[in-house]
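Note that the chains take the letters A, B, C, D, E and F in the order they are written out, and that residue 1 is the start of every chain.
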Amino acid sequence: MDAHRILATLEALDPLADLPRTGWVVRGVVPAETIASHTCAVAILVAMICDELRATGTPIDGERALRMALVHDAPEAKTGDVPMPHKTPALAAALDDLEAKLASEILTPALHRDWELHMGDSIEARVVAAADKIQMLAKLALYARQGRATGPAFEGMWANPANLRALDLAPVRALYEAIFTRAGRGMPA
Amino acid sequence: MDAHRILATLEALDPLADLPRTGWVVRGVVPAETIASHTCAVAILVAMICDELRATGTPIDGERALRMALVHDAPEAKTGDVPMPHKTPALAAALDDLEAKLASEILTPALHRDWELHMGDSIEARVVAAADKIQMLAKLALYARQGRATGPAFEGMWANPANLRALDLAPVRALYEAIFTRAGRGMPA
Amino acid sequence: MDAHRILATLEALDPLADLPRTGWVVRGVVPAETIASHTCAVAILVAMICDELRATGTPIDGERALRMALVHDAPEAKTGDVPMPHKTPALAAALDDLEAKLASEILTPALHRDWELHMGDSIEARVVAAADKIQMLAKLALYARQGRATGPAFEGMWANPANLRALDLAPVRALYEAIFTRAGRGMPA
Amino acid sequence: MDAHRILATLEALDPLADLPRTGWVVRGVVPAETIASHTCAVAILVAMICDELRATGTPIDGERALRMALVHDAPEAKTGDVPMPHKTPALAAALDDLEAKLASEILTPALHRDWELHMGDSIEARVVAAADKIQMLAKLALYARQGRATGPAFEGMWANPANLRALDLAPVRALYEAIFTRAGRGMPA
Amino acid sequence: MDAHRILATLEALDPLADLPRTGWVVRGVVPAETIASHTCAVAILVAMICDELRATGTPIDGERALRMALVHDAPEAKTGDVPMPHKTPALAAALDDLEAKLASEILTPALHRDWELHMGDSIEARVVAAADKIQMLAKLALYARQGRATGPAFEGMWANPANLRALDLAPVRALYEAIFTRAGRGMPA
Amino acid sequence: MDAHRILATLEALDPLADLPRTGWVVRGVVPAETIASHTCAVAILVAMICDELRATGTPIDGERALRMALVHDAPEAKTGDVPMPHKTPALAAALDDLEAKLASEILTPALHRDWELHMGDSIEARVVAAADKIQMLAKLALYARQGRATGPAFEGMWANPANLRALDLAPVRALYEAIFTRAGRGMPA
């Protein structure tokens, strides 16, 4: 066992506690949610979605899904958070390569494996991808109720179809519908 | 399924992203780590400890351990973080009752079950209890290396034997030893 | 004289300058008022209430009232601020014991005496208890006018009869009425 | 009684909770102590000095002294905190006039009277003037112990004889001596 | 060349990055824009106004104007930002003297010259004076759209004719008109 | 003239006032310098370097250099700041394309031209590129003197030869030498 490797991973991920989710800052929400807070909430949401899937007879590897959620933004501890709308195809590819490199440097081999798998097509990966966006919309809705997200800067987030993931999974769809309904908005096509 | 219940849980836990870990503020570390950041790091550490336990032949329910880690401080979303040294036996008992009540109000039934189990004697609960303190000491060591935790206020943390948990688990022991060794300190008796 | 005791008290109370009033953070007000800012405002309000009482012929020991106001939250420098609604009877009793212990450790004997007396039935203690809540409601009203306290999370504060203290004192009653009237709300029964 | 006048005073003073003590920011201490935190600490220190004076047979109007402490920086709620070393005689005179105008606008007549008296020669005013500087030096010493006030920028504060007030009062002298001794420094001439 | 003089200037100006624009804090906008952020925006606005003036045939020394913009608030690195409404004639004169002294201490001789000239009547100085206020109103409008500047505290800013500068310059007038029109307000007389 | 275009540019750049320079956060410096503060300081430094160049007979278009400095990080208002060490060749190329697109969207045509030219080989562009890194090292040195940049995380910054630009310009070389000398370090090869 390499205890120092484990502590080095913790230390490398530490900046997530202070790095903001850039999309909020760009839209004038200050102070903004950090990447670590987002990660924590996504993981808890993944746990609740797994419970729902199992309750309706769909098996899922909950441990894998939780691990994926916990490391999905790990490379941002070095690069910061580059908001999705600005990831052109060329930039996304280049960032993917960089992130893969950083993930292998930062994470233990096992967690690195979880990071690699999180971009795949398994039901676990799809649940994490959906939870990533559901949590963002839930946070947006909360900011709006708190009067912290008013104005046209936020319309694009509500209207972006790329924020809808894995709608074929019933609990995921139900969550999206609940968020949009409560906000008095329609889901984007 | 109750999607609104899930969203309500997310919303109830939201303050963890802004509530500080009181022990740092009391010792003059400002700005301080939040409860959500701490939770995120504890969960990632739990994942790495589970990997080590399995590698050495000790089975553990990783999903359960991760879920416990993610909700272990959930009630603090309502009460804030009351530092351990000030939890007298009477206060600890009263806080336990309050926390149980709040946990049942905040969390879904399944996550509430994980919260209840986290205070037990299972290997999962013990790993989470240890990770809670290992992460705290690792954060203290990092603050110290950053020049943010200098002075006598921090000696009590290094010297408190109550911060040592589950030392009978080899990976846990190895982590504590690595932290104390790197900090040039001896472990408390 | 023990100058070091006085300086030790100042140092022990220093965290009040950075510890947030938890109730605001739980409701999404970030950054939030600190315990020290709250204390400062309560003390100034106590001075103004004393002036009014005397103007209408009611004697009051202003010095005692001010000292009570200045130390009423002193133990929170060690424990943080646990919001009132979550102080169950058992928890309140246990916290009282802890606070008494901490107050005796933190404060000089004379200030400790003021702290003990602040929980009593004297007119001075009652004015401080009322000012504690009046200041909280005035801050809530200001946050609301600033657009920082919108939404259902704050209704409970406006509607909580436990926030009404010492209404038998005419200046106190007048202040509560002024706050509720300006906010366009009725006082809770 | 004018309850609205009292609430207006509270509201006018509210910015003291967010305005920084400029001298710390200029020297790179971020985040810095606020004017309200400073005021709270000065008032508590005044209470302790009053106790010492009386214990040694020197009478003092403690209520007056506390009220002076609580309002001594009130006008800064409108102007911010202009650091002392930059108050040239002409600027000090002009600021005094402005502050007098603002104090009469912000404060109730009774508190305004306390503000006016705080600049006088009474023992109460002298104790407040000394506490103002003693608290600043105590805060500097604490920042230094926390590793937040290192470097030449702070030497001027330790060496400035203008920070020594009312040394003829024995408890005041004892406090200054205790601070300088603990910091391993000599008092300026 | 004195490289150390240049570095000393950079260091002396460093606090502008952390000192808030006091007027926002006084009105409850927290966290508030810093003096450095304001300076950066004013300079960029000056560049754009220069482009417009030249496009319509009015020559202007753009380099001079930019340098004036960059140093116009330099002395505030030592004094903090004293809001305009409270600069009584006597205070303004005294502050001017202090600022002149500080500017000569902080800035290199060339930048000091720019600072002196910024208070003159050249077209460059007038553009900078206008940009200073236009940027403030644009920031106010943005804060308002973000829900961070609601309530009567801000009416005085919109209504203050002293915020209108150099209206005889067509691009300047057009900018003021655009801001007030978008905000649905009339320009003060 | 399009006043609204100018105001739109100001608004699009507004997030620079709140977005942190990621490299500091990754190394544990919190709170960290913002992109706007960095820009402001780089521009002032560019002004001083231009003065030195002219004093030694080297002509330079100061207005162009200042405009380049003011807009050099403009696209980061949308993407956040991705630290240099992680810009692999592929990522740098992709980011360049994205930045060019964002620059054309955010900036007026004239400022967009300055942005394009800032990446060229003119003496103006080279001075800005050097000032970008000199300011970063000067800030690092200041953080170190303030005790905020201690530990191995910062060694890489001091030792990175990519931080040395335009050393053939004598004032630039002198500034680098002054910084390294004062820090008691040697310049990287």
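Going forward, contacts are C-beta pairs under 8 Å (C-beta built on N, C-alpha and C of every residue); 3 or more make two chains touch, one makes a residue touch a chain.
In this text the structure is predicted, and so the values were computed from the model without any measurement.
Q: When you check each chain against chain A and chain E, which touch both of them?
A: Chains in contact with chain A as well as chain E: C, F.
Q: By the touch rule set out at the top, what is the minimum number of steps from chain A to chain C?
A: Contact-graph shortest path, chain A to chain C, evaluates to 1.
Q: For chain E superposed on chain F via Cα atoms, how large is the rotation, as a multiple of 5°?
A: About 180 degrees, rounded to the nearest 5.
Q: Hey, which one of E-F, A-C or A-F is the same interface as A-E, over half the contact pairs lining up?
A: Same contacts by residue number as A-E, out of E-F, A-C or A-F: A-C.
Q: Name whichever of D-F and A-F has more C-beta pairs touching across its two chains.
A: When D-F is set beside A-F, the one with more contacts is A-F.
Q: Cα centroid separation between chain B and chain D, in whole Å?
A: Distance between chain centres: 40 Å.
Q: For chain C and chain F, let me know how many angstrom lie between their CA-based centres, rounded off.
A: The computed centroid separation for chain C versus chain F comes out at 48 Å.
Q: What whole-number Å value describes the gap between the mean CA coordinates of chain A and chain B?
A: Each chain reduced to its C-alpha mean, chain A and chain B end up 22 Å apart.
Q: Using the average of all C-alpha atoms in each chain as its centre, how far is it in Å between chain B and chain C?
A: 31
Q: Where in chain A do residues touch two or more other chains at once?
A: In chain A, the residues touching two or more other chains are 14, 28, 30-31, 142, 147-148.
Q: Can you work out from the touch definition every pair of chains that touches here?
A: Inter-chain contacts occur between A-B, A-C, A-E, A-F, B-C, B-D, B-F, C-D, C-E, D-E, D-F, E-F.
Q: Which residues of chain E touch chain F in their complex?
A: Residue positions touching the partner: 1, 3-4, 6-7, 9-11, 13-14, 16-17, 33-34, 36-37, 39-41, 43-45, 47-49, 51-52, 55-56, 62-63, 66-67, 70-71, 108, 110-111, 114, 135, 138-139, 142, 170-171, 174-175, 177-179, 182.
Q: Which residues, counting only chain D, touch chain B once they are in their complex?
A: Interface residues on chain D, with respect to chain B: 31, 142, 145-148.
Q: Report the residues of chain C in contact with chain B in the complex, numbered from low to high.
A: 14-15, 18-20, 22, 25-28, 30, 32, 77-83, 86, 88, 90-91, 93-95, 97-98, 101-102
Q: Across the complex, what residues on chain A touch chain E?
A: 28, 30-31, 147-148, 150-151
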